[in-house]
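Presented sequentially are two complexes of chain A, the first with chain B as partner and the second with chain C.
Then we have the complex of A and B:
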């Protein structure tokens, strides 16, 4: 029960052969030496990745699995609780809410974002002046500090004194509780994601567009196709692999949304009604705010299952025979 | 090109690993001074000059004071769990009780003679640093007595008293305060007393001796004290005297600047926050006793770890830098409100403040500090409190039925406690 010593520093075996070159060696050792001489350099060359992966990838995964069977507040001794954490997870309304919130925010952000990005890329691909300026301009949001974005959006979408509500009032519309209502919160978080990632995706689409030969467009134009027809019948079909790629990267990003709602509300509650509480934010809340590391680990495995499900869907879609 | 570059970069990537692999000492001291007393605190929680003063007074002693940024409690838990690089002295926040269940990790400061100065500090503050088993784990640093901040000009305009003493007398209960708020709202439409119903709930709870769990781990969050505070919050929402913003947001700053927020009840450390976020309103604010009585929000402690090899010296450093005189220095340089009554009466604290129209606000806070009830902020509070504030938000902002919200909070408490903190007991019904 007291096996809390899980040091990852197992001593590599046989670091000191200690025998000189001239001595006669047993055949087994000589084979080992030969093996070493031949492959050691390669193993050393790939070692850094595996060492780093073992420390920062493998060990945390194994430890998280171990932790999910414990009750631990971070300092008091761990207490083995069997499957209790998972049992609780399966009946935890807050966890399901956080999964649902994540998916809703993901759809609310990804669909308009990719649509905007495609249109932007299509427009950037036309012969217009100052192309690089636009390209840089659209990419800048992506390299802006996300914390700064969240603070600015918090001001823009403020209920009483936010700029968006001031605009709404000036055109005679009702103000919206952006940061206090269920959908307001989700839309605000989605807006931040859209603002940040549209340009990034547009640049990727642009690269895809430039790979489409001009002859196709020229031929279609000769046949009398208008811009919309060009876009619908040439651009989109030929861009399909690139679109799939952006859908996958957006899925990966979307399932990990964390900073936006965290900074927007200044804590890990996800705002009123927990409408902005995403899966990862919930994990953080349980593990690092409430110091429930055992349960936090179980939530982590819950997230793993959700991500796995989406990976399978993605994989299926990708492997669909192209028609 | 890719693979080639990766191969070339590999040795580079390995370099830091090899370097650290060769030089990591047993203890990750940030400065290589094994004789120094290490101390962990967060920014602006202790005036660093006090450490230098101690070093000057005690030649040969060096204090390695490290400001720990980011998530302080996660980092402290990490070194305690790993039993390595543990500092000698650590600061605790007002949730010190979350460490009580690991009390064997910290020294009992009574064993190092700090009980001698117990009578120099406010009783409730001292008691908050004592574990249920009677060990002195946290030595008093600063406190957060609460008071009513109000706009004297708006009060005058609404025909309310504007003198702090008169305001204190007129709005001594929350009900009186709400009545004044309604008078204010009918005179100046669009004004509010507080930024949210939760502010009422939190302040009122902090004015009572009973929070959520007693010192012997009995759940009392369904008891009279929490219920009364809950009702006051609901009442504020229903009367419409509270706004729907959140403290520390730009909406809050805007409300405080424009006068939409005519009053608020909060701790003494809001003085600086207010002066920063609503600089344009300088001279118009005053401070009076909080409706509902004295209470405390926030404040911190210093403790010594069991792993420390210099407990005697560490305890002496704490005693010295947090002496009443040391706390006066903390107040004058960082606005840290003292926990020692002798410091509260120090002339350095009795200053007219321009932002508050020349009022000496310390008169108000000192009275509040002396009258805070002897509360117990349990190790479960960090889990239980958000359950109630979340439900209060549901009532005040999303329009949830208050009774339903209360029932939901109670059932959620039972669920989470059973699962996460089985040591909390429920009274058998």
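Then we have the complex of A and C:
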């Protein structure tokens, strides 16, 4: 495959035999000019990404490392404190609690979400009517803002006047302190994540399923396999790479949960008992509510390590060869 | 193919139940946004929409400047989308169809940046914005993301399949300059990819909350999501009014999504599986 150079084919430079100093300079200049003529437009075309990334992507990360060694409220001069912020981070109960909360919410949301998505995708992959309408219906939650979702779910799961508790009461069950008890809060946040992302993951799985040849299913049906066997022995193994992808994205997204608990309780506390205090919410609280920029930066690195560790674990667990 | 077997009836029942769960919160939002505050605290709860939407919208307008927040959100979403489409298609086309020294290294670098954690740079980004005196302004939301790695990656992948090298070469022979190749050859062929990236960017920007919450410190300059969360936080606010505000800030996006669903749903999966 050939690719295009933007200037006319290069003329060999300095074709006249060298005569004196002047001609030694000339080829050098024309080579530079030629280089610019040929490649300048390409470099300009791709430059905006690298410039913006340098300013708003790379520099902040380097600066975040520097900040984590400072004590700074954002106004007064910075004070170098060495590793003190990291030492504090390692003994900070609140940070560990936020890690634990995040992990619990992540498990409570990711496992049912991906299971539902897989089942929905498997059903959508059969030759049934209304497939595109179903896909739109399942996908709509994903384009809704988390702020709006948190407001509506905050009402649905309200302790006194919420619809869910009204339903529970009407069938004679005990109402649940969705927004006041530890598990209630975690389940409410997980419910929002499940509601918003199940359809998205189902669409991804569906695309993966459509790549599996029908012959395989047909052959298995001839051998007398029922739907469950088709699902377990063909769908799941062949979908493995796609499942790996969704687990990794759900991990990265799930460990960064912020908006749901922040809007649900209207502050950075994570609700009663801080049961909804996630890692990123804790970062926000330390940096932008308590104005501890230095410690906030250290919390940011702590989050980075947790996310990295979980991504590696995911990869290891899911990427080992099938037995 | 579409024979209705008992197994398929079960599938339809399960799928319909799923759609019902997907859509119910919107119905409930409508019920609450059109009722009175008393309805919201009633037991048994009122289950059908009422006629108080206009009253509730008026109450919201007294509490926050929702029209201004709406306008701000439209400005941010439209500008971010337009600039993203321009920079992504230009760079994606260039990576796909032009050879230049360092191309492969630069592209790998671009891919690697997608793995960097975004929250890590939040505090420094805020500091940069205050140095630029951009805190509390809309450009703080627009500028950082308009040449994102994902969009360029997406455009390059699409361009490799959609823009034949021969066509670019032929354009060159006919004397097209770089800009003409981009506008006359690349852009028409990239249309499906532009449609997807445009809808995706618009929706993401419209819904963005974490960064706007941090950087929009000025109550006179808010986006819808920030304004909504403020409404929710105020205890005296009429709950039915909060719901009305939520409804009118959610609807435009749903409409855009349904109109663009054809371009969108298939591509989001294709993009994910390619990545």
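Quick notes
By definition in this document, the second predicted complex is superposed on the first by the 269 of 323 C-alpha atoms of A that agree within 3 Å, B and C clash if a C-alpha of one lies under 4 Å from a C-alpha of the other, contacts with A are read in each partner's own complex, and residues count from 1 in each chain.
In the analysis below, contacts are C-beta pairs under 8 Å (C-beta built on N, C-alpha and C of every residue); 3 or more make two chains touch, one makes a residue touch a chain.
For clarity, every value in this text was computed on a predicted model and none was experimentally measured.
With chain A as the common reference, chain B cannot sit beside chain C without a clash. Once the two structures are superposed, chain B and chain C can be ranked by residues of chain A touched, with C on top.
In the superposition on chain A, A:236 makes contact with neither chain B nor chain C. When the two structures are aligned on the shared chain, A:204 is found in touch with chain C, with no touch to chain B.
By the document's definition of touching, neither partner reaches A:54: not chain B, not chain C.
Contacts of A:84 after superposition: chain B is touched, whereas chain C is not reached. Legend: residue contacts after superposition of the two complexes on their common chain; A:115 is shown touching neither chain B nor chain C.
By the touch criterion defined above, A:317 lies against neither chain B nor chain C after alignment on the C-alpha atoms of chain A.
When the two complexes are overlaid on their common chain A, residue A:75 makes contact with chain B while staying clear of chain C.
Once the two complexes are laid over each other on the shared chain, residue contacts for A:274 go to chain B alone; chain C is not touched. Within the superposed three-chain model, A:100 lies out of touch with both chain B and chain C [touch as defined at top]. Of 3-11, 93-101 or 183-191, the segment of chain C running into chain B after the two structures are fitted on chain A is 93-101.
Judged by the document's definition of touching, chain A residues 45-46, 48-49, 51-52, 74, 151, 154-155, 160-161, 266, 288 lie at the interface with chain B and also at the interface with chain C. The touching residues of chain A, when paired with chain C in their complex, are 1-6, 38-39, 41-43, 45-46, 48-53, 55-61, 63-64, 67, 74, 116, 119-120, 123-124, 126-130, 132, 134-141, 143-156, 160-161, 163, 166, 170, 195, 198-200, 203-204, 206-208, 227, 242, 245, 249, 256, 258-259, 262-263, 266-267, 280, 283-284, 287-288, 293, 296-297, 300-301, 303-304, 307. Within the complex, the chain C residues that touch chain A are 1-2, 7-8, 11-12, 14-15, 18-19, 21-23, 25-26, 28-29, 32, 40-45, 87, 90-91, 93-95, 97-101, 103, 106, 110, 113, 116-117, 119-128, 143-149, 152, 165, 168-169, 172, 177-179, 182, 203, 206-207, 209-210, 213-214, 224-225, 228-229, 232-233, 239, 242-243, 246, 249-250, 253-254, 257-258, 261, 264-266, 268-270, 272-273, 275. If you check the complex, the residues on chain B that touch chain A are 7, 10-11, 13-14, 17, 71, 73-74, 77-78, 80-81, 98-99, 101-102, 105, 243-246, 248-251, 254-255, 258, 260, 382-383, 386, 390, 393-394, 397-398, 419-420, 422.
On the chain A side of its complex with chain B, the touching residues are 45-49, 51-52, 71, 73-76, 84, 88, 151, 154-155, 158-162, 177, 179-182, 265-266, 269, 272-274, 288-292, 295.
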